[in-house]
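The same chain A turns up in both complexes below, where it pairs with chain B and then with chain C.
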Partner chain A sequence: MIESPPRIRPQRWIGEAVPRKEDPALLTGAGRFIDDLDPFPNTYHAAILRSPHAHARILSVDAARALALDGVKAVLTGARVAEISKPFHAGISEPVHFYPIAVGKVRYVGEPVAVVVARDRYIAEDALDLIEVEYERLEPVVEIDRALERDSAPLHENVGSNVVHERSFVYGDVDGAFAAAEDVIKATFRFPKYASTPIETYGVIAHYQRGTDTYAIHANFQGPFVLHTLLAAALRVPGNRVRVLVPPDIGGSYGIKALLYPYMALIALASKESGVPVRWIEDRLEHLCASSSLTDRLTKVQAAVLRDGTVLALRLDHVDNVGAYVRAPEPACLYRMHGTSTGAYRIPAIAIHNRLVTTNKLPTGLNRGYGGQEHYFALERTMALIAKRLQLDRLDVVRRNLVHADEFPYRAPAGSVLDSGDYQAALDEALRLAEYGKLLAARDRARAQGRCAGVGLACVVEPSGSSMGYITIALPLEQRKKSLPKSGAAEAVTVALDPTGAITVRLGTAPQGQGHQTVAAQIVAEELGVSLESIEVIAEVDTQTSPWTIASGTYSSRFAPIAAVAVQSAARKVAMKLRAIAAQECGVPADDVELAEGLAIPRGERAKAIPIKRLAGLAHWNPLALPAGLEPGVYETAYYSVPILEAPDDQDRVNSSAVYGFVADICLLEVDRDTGKIDIQRYVSVHDTGRMLNPLLAEGQIRGGFAHGLGGALMEEIVYDESGALLSGTFADYLCPTAAEIPPLQIGHVDTPSPFTPLGAKGIGEGNSMSVPVTIANAVADALGIDDVTLPLTPRRVWELAQR
Partner chain B sequence: MITHKAAERAAISLTLDGVHVKEEAPARMLLSDFLRQTCGKTEVHVGCEHGVCGACTVRVDGRPVRSCLMFAVQADGHNVDTVASLGSRDELSPLQRSFHEHHALQCGFCTPGILNSAQVFLEEHPDPSEREVVEMLCGHLCRCTGYRAIVDAVLDCARAGKDETP
Partner chain C sequence: MIGEGSIELAGGQESIYQALLDPQLLRRAIPGCRDFEERGDSRYAAVMEAGVGPIKGTFKATVAVTDQQPPQSYALQVEGQGAPGSVFGRISISLAPSTAGQTRLHYVYDVSVSGKIAMVGQRMLDAAAKMVAAQFFKRLHEELAAR
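What follows is the complex of A and B.
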């Protein structure tokens, strides 16, 4: 027998805890964020006049005095915007018109009314004081309950009602299950409105180039690039005359800077009207009153159960409050979790009734966890209530209903295909890490000593990699059939070698701190057998020159399941080309060429190895010497979409996400009855991240998502009074967690790589944003022995609950 | 006390990251805007302009100061340091290195302000407790990391500094 020569062991980078390539620039203050850029000479500054009223008709806007101020170039009003642009499209049938500025009416405090373009921001703000606006105030509609009443003043008169979307779905034999039930648990839940408030606010630098009738719009926008299509339509130009440019660095986003980003249109129009490039950097008050947030939600749940805790069916009644307008991708808030509505449980039947209401509040959009925290708050509170009502052990109820490890891939009744998992094992690992027996003993000991302690638990499925089609399920089948089907969730990446062999990777993901450059370099280094240092990864996006698709961007934790695969595919195309060239040079088959240590090495003939840079040089300088069929240069773009993301079917089933992780959380806390303060003593979170790409970054994502969940649980809320006035317009009123509020978090893993993607990785950034609010709510309910818990659990609210 | 009208321009001379600078600014201009827009110091990041988030923290005469709560004219005659004077890409400071190793930054927007505060803190507390580090960090909002890695980075930097002391 002839032994084959030993294969060269390639350097493994995927899965290594590599510190980030992004760090040196950011640590030295040399990042390039939107307000650090100066792309156009003679750029003016914008300031925005905003509505002081929640709901009012605009009778007149007089900007004469503002225009007379030295340094003021132009004033743009809503009336003019309506003349020169079109409203943004959204995914519902009702005609809720949304412009980036108030047209005719103001519908929330902070809504733009006029834009001043001036020499500098100080002068622009001076000019705002000189604009006179006459308003006729209308009834403010602030809360969901009022919006549901037929006689509430409609925000959009052409729709005639504040209920702007309604759909019902039934999957499986729900009526039969309720008839067979031994008990029915009913509960009502309210989830508050909050926002992830990135420390860098919005920023846009736009230039209307009249010579070509083209808009160049720089913005710290995170995708999806559906916005490009919507912008072109709103600005009334073809897509090839809207150039969207995303800076190399974005100062956090967590969904807030995603689609829809209306200020990109507004500042573009301000540039067109004023004839100069315009810069607008949002201030914090503007951000808190008029950027974006998640929805507040009213959920009514009915659960058909057997006495042993088996859940036979659920009826979910959702009312989501999108604020003053329906902005794309809304009503996705209701539909991101739709296919996964049964969560981690093998519940065979479910009925869902969805309504969307408009109120005089800040319009909504993506926010870390998007739709998940609202959904799991109702579902996981219900699971706790089932155990309490049936006097069963909470763990038994969970275990009895969890999807079994041998059932994957598991098709949930509403359509999600849960790709892989071992939920029981993950829960067991959480119990082990938490020392659950001791945890319960500690709780009982505290109670015996007169203190108020509780244990909370939650199990959530964490979807990642949203499909482009799931939102179309908001439309009834017959309407959906009228347009072309939407499926998949593609991402594009380019890997190129210049004539010196230097490697450049170009992403379309517009990251905001997730470390995509590092992970992309890890993948490319492993595929090409080169060092991490030899790779430059470009994160800035330019829709005229970058590879991108309509789904491109960073949202729904999609880098790991989707973009990372596109990186790998592009690198493999390059690898194939390099090996083919080397094979010809060495006279061996391409299959026998390996890439390692920056060399192409014929198997067993190391002496014949050729440096990759020489192969790249050949491809650029000497294309006639290339093997037949190979194109000159080394510039390979790969597109990847997950095959399993099909368009919604005729039964309204939709697999809304590429892959599904899992999170099991356990927490022990004490409540101080006298002050209402919550002391979280133990928090354990076990994750299924599939194949982990970089453990250092994975932990960072989990800890970040945890902090957002904690903020939502304990302190964050966008608060309005009964007149619709905003009460949370500063960081002294809108409280975010600081270092002192973060309890110790113990992280565990039971990872099951996805069988549906080549890398098997799952998104991990949002799981704890979804699970923490309800875990803490469950623990507080347990501590106080109550059923009704409303977030955020501020000391005042907890104190009130404790007095009952 | 010197008084100025809001739009009146005043001469400002200061030492900025070790370099003497002579500029002019309207009396109402914030130090943060002056540093970014007049002096080109985009290392200074502005997050809230009302003194809560801490992103714009610089060192004025060696003290951490929120540059959005100070007027540029008040910096006249003083020493102002941004994160640029801590270390460079090729030669990160021990604190910057520790942040890198601990993955104590994600988007990096709040990072320069935190580094400025932590640098002064470590100069004054060479052997800090975790509680003291957490208290210092409470002057800053970071929405990416959940803070744990930042606490570890500062503590580890202090520990390493102690080891190096003869």
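What follows is the complex of A and C.
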């Protein structure tokens, strides 16, 4: 970090409710999305033949008739892909080979089997019908329980089992705690498979350039750019021959567009095979069957407790279903919350048994909340069950176990360092906003009138800024030691002034609607003392020319804790240079120069102020006049990583995220016993966002996460029948909440800036994706007086629960 | 998809049993059937147009006749595949004498549908299957009556 310059009259932008810079273009239809781009002449179109079977051997693929169709340039099959590329690497020991197309076997409905490259999409789609594939059907393995059985047909014969990963961890004296316990609460939870549904689907335009053996791949990819490394390895070229270009605008992602990378490889190979640039824009049917989702998970919990509700220890047994392949960055879903497994509670001991299974379902990956919704569903249901079993007030049990405000930074037993917080105060604020006493009275009144009402509560820690090292904890220590340690989570940003003083900020974050351009402009405007309007922020990423790191991208809510600091660092480098030039011109020390109103002003000598554009002009036009030691031009790149993100230690502890926010949710709802409909009457969510960078954007993130969490709680599920056929292939069957289904949300804040980053900001994009499903489940359990609640709480399921 | 049904057919049990294994008659009776030929060993190859809602296309199917107990019962093992998806399952057919000159046919099917046709059309599949079955037996009835 660069030291802050002295500030005489600072113009504050950070923390202001500045409207989004991005919106004028988006709202007037002037956005530039992947399908708006036409980067290469003579671009052909791809269509993908997909498996109708959940599990089958491919006996033959005959593309002769497709190739004979006028306009068809090439047909790429799995056998050919296996010849010209390598399987993608994933972070587990077992050799689960994953190619971007089925090789030898299909393992889920919708898996690519062949790619047709044709003059237009119509011809390409027609040609799909002419490809003849012979399959030999195999036993489908659909559910976790079947995958755990030794005799289930292994998806990956070379692994020999559908349990493809298993590790156990013990932190603290778990056995001692269970021996000392006055009661042990046991429960089993199943969390469903669902996804996120960006308006814009996947898109790739790839061009293999024969002359240089390089690939140029335009894709609405969100990072993490470590996947670029995997992509290059799969394509068998060094990283500098795979130029990935992310368009200026991406129409939503919520994690799912990280998993575009196999299609980037597939279309790049299709371009190589066909000798022409190839465009593929995914349609909605493809997206719903073959993009990505989060995992479905089976969790068994044992909680060792005292009669007063103190939790002494937890035993967690996880089985995470990654679908047909372990597709990088999996098994991250299982490990993202690992260091934070004890949540917001000061539980001193925990044992974790992790297994990963493969089934004939869509492979999994990043999804807003990534692992958090699964984890907190089990943890926060358990806390509710503890209160119920011990006949204690739910609030008392939570309060008794929450980490205290004076314990921060708090090192959780599995390794996360909870940086800052005041969980009790945040919970109190939620209770105040919800008018908790009145809320309970309203519930009891409804019950007295024969209606079915319930109150739900959840407290979750929201990690943001994932470390690059946490996934390596999936490997046993001796195996981990064979590679270099992995730590940190770096981001890179460039701030440049051209000869006229015009300011350009270049990000490596590939945002998908988060408003990074706006916040970056706020930070740079504040640091350089210029207007917001004078700053252009480029969100397009080009791996050949943009600043980026393996951690770059937009995921794990990392902009606020990490990328924003890189913006500030780069701006401060520029500010130092401008002040140094101004100091020489004015004959004062650099420390006495302030930047404000577009000027460099010597302290107390406003008449001597020099416009920043003149200083920039000097740096470009007259380098001989620069102070000794300064380089010509104004082009400063800064890298920032969070120092506290250390590699996993020898005791398998890992601080998996840079900073940790907090969310306290309270909900009152009524259940209609006759129709199964849930009516959410009150929903309050209080957040700890650290230092808030822009309240408008923070609110947008909270509302977006709330909608996603609500979908998971009430509607969304990727459903397969017992044969592995996908039953939720359209928006008529895969329901998502629309504005009409989203109840009012009351938002509050108890913000405690992180002491571990210069800006103190915490990510805020995923907290409600994690908290809402279990808050609603807790409220429904309270309403119906039941212990077993399974999501999504569709009217049919609720009706069935209500009939018991 | 699991379902069953029955229908009264004109004709004696023996002749209906034979007719039900006649490729020419089946080709005419199966809705959307373009081709139905015997491949020997009680196996048939069929080509048919089928679909649900917006998902339509050509299926290539193999049909194996098993568990033959003439003239009482037999089963059909069906495996079909086409651009819209795949269909596989078993249809059991049993015949019994009914009122004079009539035979009662009872069918039970357990069929799985996969691929795009299941993804898009699953809510309509049950109804579509019932409709196809009804059409088939109506045409069969007409074919037999015309003999």
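Assume the second predicted complex is superposed on the first by the 794 of 804 C-alpha atoms of A that agree within 3 Å, B and C clash if a C-alpha of one lies under 4 Å from a C-alpha of the other, contacts with A are read in each partner's own complex, and residues count from 1 in each chain.
Just so we're on the same page, a contact is a pair of C-beta atoms (placed from the backbone, for glycine too) under 8 Å apart; a residue touches a chain by one contact, two chains touch by 3 or more.
Since the model is a prediction, treat every value here as computed from it, not as a measurement.
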Comparison of chain B and chain C by chain A residues contacted: B
Chain B versus chain C as contact partner of A:Pro19, first or second or both or neither: first
Chain B versus chain C as contact partner of A:Asp129, first or second or both or neither: second
Touching partner for A:Phe408 - first (chain B), second (chain C), both, neither: neither
Which of chain B and chain C A:Phe559 touches, first, second, both or neither: neither
Which superposed partner A:Phe40 touches (first chain B, second chain C, both, neither): neither
Which of chain B and chain C A:Tyr99 touches, first, second, both or neither: neither
Which superposed partner A:Thr730 touches (first chain B, second chain C, both, neither): both
Chain B versus chain C as contact partner of A:Cys289, first or second or both or neither: second
Chain B and chain C footprints on chain A, overlapping residues: 730, 732
List of chain A residues in touch with chain B within their complex: 19-20, 22-33, 35-36, 121-122, 196-201, 249-254, 281, 283-284, 512-515, 696-697, 699-700, 703-704, 706-708, 730-732, 736, 738-740, 742, 745
Contact set on chain B toward chain A in their complex: 26, 28-29, 33, 36, 41-50, 52-53, 55, 82-84, 86-89, 92, 96, 99-101, 103, 105-112, 115, 133-135, 137-138, 140-151
Contact set on chain C toward chain A in their complex: 57-58, 81-83, 85-86, 88, 112-116, 118-120, 122-123
Chain C partner contacts - residues on chain A that touch it in the complex: 50-54, 109-110, 128-129, 133, 135, 137, 285, 288-289, 721, 723-730, 732-733
